[in-house]
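Consider the two complexes below, in which subunit A is the common component and subunit B and subunit C are the respective partners.
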Partner chain A sequence: MKTPLSYWLSLPVAAAVLAPLAVLAWLGLQAELAFDAGNAAIVINSVLLTMLTVLGAILLGVPLALATTYIRLPGRPLWLALLAAPLAIPSYLGAFAYFAAFGPGGTLENLTGVNTPNLRGLAGATLVMTLYTYPFVLLTTRSALRHLNPAMLDAARTLGLSPGRALLSVVLPRARNGIAAGALLVALYTLSDFGTPAILRLDTFTRMIFVEYNAFGLDRAALLSLQLLALVAVILWLETRFGAERERPTRTATLDLGAGWRAATMTAGLLLMLAALALPLLVFGDYFWREGVGDFDPILAWHSAYAAGLAAIVAVVVALPVAYAAGLGRRGRLLERIAHLGFGVPGIVLATALVYVGLQLSVLYQTLALLVIGYVLRFLPLAVGSLRTRLERIEHHQIAAARSLGAAPFEAFRRITLPLALPGIVAGAALVFLEAMRELPATLLLQPTGFETLATYLWRVYEAGYLGRGAVPALLLVLISVGALVALLTGEERAGEARGA
Partner chain B sequence: MLSLDGLVVRYGDTVAVRGIDLTLADNEIVTLVGPTGCGKTTVLRAVAGLEAPAKGCICIGDLTIDASNPVPPEKRRTGLVFQDFALFPHLDVYRNITFRLRDTAPAEHWLAVLGLGAVRHAMPDTLSGGQKQRVALARSLAHAPALMLLDEPLSNLDAALKTSLRWEIRDALKAAGVPALWVTHDQDEALSVGDRVGIMRDGRLEQVGPPETCFRDPASRFVAEFLGEAAFLPGRHAAGWLDTALGRASATDGPSLPDDVDVLLRPDDLALSTQGDHNAEVLNGRYEGETRLYQLRLNSGTMLKARVNHEVVLAPGTAVHTRIAAGHPLTAFPRQT
Partner chain C sequence: MDRRTLLKAALALGLGGTAARLLAADDPAVSVDALAALSGKLTVYLGHGEGGLYTDIVGAIRERNPALDLSLRRAPSSALATTLVAEAGAGGPRADLFWSVDAASLAVVNGAGMGRRVPDDIRGQIRPEFRYDRWAALSGRIRSLPYNTGRLSPADLPGQIMDLPDSDLRVGWAPSYAAFQTFIAAMRLLEGEARTRRWLEAMKSKAQSYAGELGVVLATARGEVDVGLANHYYTLRLKSGDPDASVALAFTRDDAGCLVNAAGTALLSGRALPADFTRYLLTREVQSFLAEQAYEIPLVAGVAPPAGLPSMDTIQPPELDLARLSELKPALALLRDTGVL
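And then the complex of A and B:
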């Protein structure tokens, strides 16, 4: 059996994904520093923040999932979109807003005259991370609930349980895996997140890697990166242990819990939206109101779009053979898994490795190419994923039919595979583009000198303390996030339709 | 037109096809039938060029394909029809059928013949199963194949459609004058649609021949049982005659038989009556509409099935007389101990 071309093309991709890990391992081994008290504090801070955020996300996400699944809310699709929206907003925007809103001289004091305490450290970071990650739990739990057979709920009711008791004793235990899946995503996101702890000054791994990098301690940054990767590996390992159980629901159940519950749910949802969505808009809107466009340079937006656009194109081109190979056999699926690793590697960690690569390979040093490589390695799974779902729907028989009608392999690829995969290519490129536009830590480390983007400019503004100048880039980033959310939701809708057909 | 000569196909270490010889005449339809995993689909895929032969060769017209010369599928001029239709979902019916045609006249012809005129601009997703299979057939035939290959073309369709489309496809193949290899797991379909039937088992052809021959004079007990209800009654063979407890019948020509044999009895080879010498008991009966099928236990313990007119109603437990009533020679196999 001849090895398919797509395997050969995927091999260098897999190697490129693994290379940064090898670089880190090599660098980390050279570090001469032992594990000390400072390092222990970093571990404790990271683990505490992760655990508290997971707890907060479960406390918010699970009740909201139950409410949006079983209670007939007026305008339910809108509620769902709104409640999921914080996920689309990079948490550093939230952190920036909370940093600016609270404390003496903050936006809240300026607008209302009420003194608010500073939101810094563990408490502030936990609050912000929870507000922007709970939708993970909401979505996975909801999806688990929707795959439960509602007849169970009916059976529990006929056996004499009240609606509330039925939910607690029959429904929730079976949604356990869904909740766990969401919690693990929250943990992964929190461990990887750079912006929130950096802005709210909590010494977690991501913040300290950046600090070490700035202090020219690349080996120490690599050592911390390896420790962080070990934590990530634990989360990923846990993830493999929770497979989603699937039942075949015939219909979705609704519980009529009365107007009181409906009002309570909507009030809670509204408060959450105020905290996660309205407050940042208020802060940035207030700055914009007071300072206007100021000296905002549109070149920033162009830089962001340019780098992200290049990344999107490269990512789909590279993703095509990987996604194709994944459908061919076991070795192909292994290559795809490797390509997925980029998602587990925090941006700051990936960037640390690439900075070192840039230092060794002078062709790449301080180039846009290195930044684009960083984006591609980090967001490749998005492109591979959306391509794969399309390619999976192409039957081998359709290709065989084209071949037997006289089409050579390339013609069959061009006339059947490519047009059928096109929506996936576009969706994958859009996702990579929108993610790369908003990426912060890798951009900070890999941007060529003078190549300032929206995200890095916001960071400089924060570092320099001229928060007001952040209004325009922040509002633009919010706008891009809305675009990402819309793209994601319509993509999901279409995928749903396709499954229904 | 098509000839297979000692064809062997392997999937890694497993041998799916273990040496098949088969020749199709111009315009001949041969059905390949057998249980799941017998290798029938693999034969088809090898002919289409989707699997490479490990040994032996495949001749399509003047093309000779073997392990050293694996001609790619697009060079073979074979038309493939799948059970899942394999229409191109992004092209409408017309563009599916004209996929690689320069001259679209054949497309018009087959659209008309197969009654697809009304749906020519419909997208495949909007068609019924029967329409999809007609489009797939029209697409293949319009590309003027030298040979048609059909892989269980009817198994995704409901029962009522199956029988009518069976004739429609056969007529279209005959009208096109193209030889066809038609794979199915349904013995009724295999017997009614093929000019000849090939019965496969474990990667080998057990028998190839006209449907009547295969059914009435099967080459093995496996073929006998696979193609229909079959029971084996001990008997003695002498000078072209078979003597059994249920009567005497002439033996079909064939390989020489020992004295002790088992005679193949189909349900319609037996007559049943409540009169006369009771030699069997009715165990149960199945109403089939025009006929009834009774399971019988002979007093000797042998189990048989008899098919009789639906007017003969017998309760389980009824003692009956049964005898061989076939007007044709019967097939026998050496006694199995």
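And then the complex of A and C:
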């Protein structure tokens, strides 16, 4: 059988995704292999932060998923959107806000006169990471609950189990895989996150890779990167073991849990919104009120948008053959899996490898092209994902009909596949654009000289200790994040309608 | 008048220089008016940490020289030194000029053989004790012990930095800040590896870490810690904005604790432009701005030191050639080993 063109086009993409890993392995091999106490502390800190964040996210996410599935809350869609919103805000904005709000001289003390303790280290990082990752668990658990067959729950209730007991013994065990899927996403996100441990000063892998990178330790940074990738691989492996087993529900189960639960859910939801959304807005708003626009240069917003826009275009162009190949057979799916790896490679790790690549290939060094390549490698899976969901729905006989009517393969692609895939292309490009605009660690390492972005400016403001100057970029980043959320939700809604759900 | 308007006016009119020259005929400081306009492409790596003051200088120079196509890369000085060393190993530095706030980073870059010889007329403008062959010192900063005036009097402070761990004072420091790392490098050179390691280990239990030295000084003024380790100008800047702040400057004697460090530039390409840019930084206007607004010590003779700084003869800095600070790597290894960084 002739190898389809899309395979040939996908191969270099897969190779490009694997190249940084090879570079790191090579660099790491040159480092003096000394697993000392400092290294052990980094492992312990990273694992502790990840485990505590996963625990926190489950404790928040699962009850909220139960409540939003089974309790008739007034304005339920709005509640859901609000409770999912922290996911759209990059956690480094939260970390910045908590860093500025708490402690002596912080925003809270300035506004209320109440002394608050510093929120730093493991406790602070766990709090912030939990606040911005619990929606993963909320969403995956909710989706699992909605796919449960209500017959068993009804049977349990008829046989005399109280609603609480029925939840614990009938519902939760069957939602286990959904909870686990969310927990693993939280773990992956926490291990990869740079901004939060860096700002709240917890020596995790990501923070220390940056420290080493900046202190003549490129080889040690590579070594730490490899260790971090090993942890990520464990998470990804666990993920493959929790496949979703789907029941085929005829309707969604309901459970009358009484007014007490409703009040408790709404109170908890409100508190969460205060902590995750209102507090950062308060901090940035307060700085903005006191310092105004300052000497903020709007070109930063343009830089962010320009680089992210290029990344979005390149990502969908590259994603098309990969997504197409994935629908053709086993080898295609393998190529897609490889392209998916980028999402597991933390931004700081990817950037460390690309800086080294740039030093060897000096045409790329400190160029916008290398930054865009970094974004594309990292966020390609988003584009491939949205494209695949569209492409999967294209009936193959439509293409076959076009071919039998005399269209060449490319013409069939251009006139059938491409128009049908267009919504997926737009959605994928939008996702990549918004993620790239907010990306911090890879941008810090790969930004071309003179090409400051909103995220790198905010980081610089933190480093210099002049937090007030961060108000405008932080507020802009929040706005962009809200845009991302709206785009995601409306996109999902439309996809839902199309599926006839 | 805010600092930006002041500087703009000064640079635009060259007034400060002219007026001063009328008063002091033998003044070696050059006015910005005496310099030719800059033009062409210039890439500068700027080690920051000064919260926009250096950006203001760059902005004023840009405004005055519309034909100058200047790109800036900003990161901590030590990070940029790392970048430059890596670049030198792969085809040569990508910047024309390295403007560092810290002499150790300049020494590192010169240790890799990157800095070009500084032209004699530039060296001649700089105070004799700060003249180096391969970098131009621009402004001085002194390591200091800012202390909380509500809790302590100067007599409560140790006279020697090595005695600080034996006190029961709560200390604030910023280990990731380049100037702190340089201070440790100086301590290692003056006191030896073993004593420095013991000092770090003893200090670690009583020190509170901050992201930058402005944070250290603010925490000292609030009483969160009794005493801090910081460059002198943070305290002076805080006092100028808030004269009632409970913080004052103290200095140790003849040790790394009162090291005089310097910001400066290394010329990385053989073109005339980086040297000409450095000439702008040594003008009376920029030097006065650094003294008046940044509270740094001007290194061109004839420009007045910042207000609030004790006279230089009361300070006894250690004898240490700043070029030896290129031995930054072992100091960083010490900071890492002891878990301070």
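Here is the rule we go by: the second predicted complex is superposed on the first by the 499 of 501 C-alpha atoms of A that agree within 3 Å, B and C clash if a C-alpha of one lies under 4 Å from a C-alpha of the other, contacts with A are read in each partner's own complex, and residues count from 1 in each chain.
Just so it is clear, contacts are C-beta pairs under 8 Å (C-beta built on N, C-alpha and C of every residue); 3 or more make two chains touch, one makes a residue touch a chain.
The model shown is predicted, which means the values in this text are computed figures rather than measured ones.
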Which superposed partner A:Thr158 touches (first subunit B, second subunit C, both, neither): neither
Touched subunit A residues, subunit B compared with subunit C: C
Touched partner set for A:Ala407, first subunit B, second subunit C, both or neither: first
Subunit B versus subunit C as contact partner of A:Thr112, first or second or both or neither: neither
Partner chain in contact with A:Gln398 - subunit B first, subunit C second, else both or neither: first
Touching partner for A:Ile416 - first (subunit B), second (subunit C), both, neither: first
Partner chain in contact with A:Gly450 - subunit B first, subunit C second, else both or neither: second
Which superposed partner A:Thr240 touches (first subunit B, second subunit C, both, neither): neither
Common interface residues of subunit A - those touching subunit B in one complex and subunit C in the other: none
Sites on subunit C touched by subunit A in the complex: 4, 43, 45, 48-52, 55, 70-76, 78-79, 82, 85-87, 89-91, 94-95, 176, 209-215, 218-219, 222, 224, 328-329, 332, 336-337, 339, 341
Touch list for subunit A against partner subunit C, complex: 36-38, 41, 104-105, 201, 211, 213-216, 218, 295, 355, 359-360, 362, 365-366, 449-450, 452, 460, 462-466, 469
Residue ranges of subunit B in contact with subunit A within the complex: 48-50, 72-74, 76-80, 82, 84, 86-90, 99-100, 125, 136, 139-140, 143, 145, 149
Subunit A to subunit B touching residues, read off their complex: 395, 397-398, 400-409, 411, 415-416, 419-420, 501
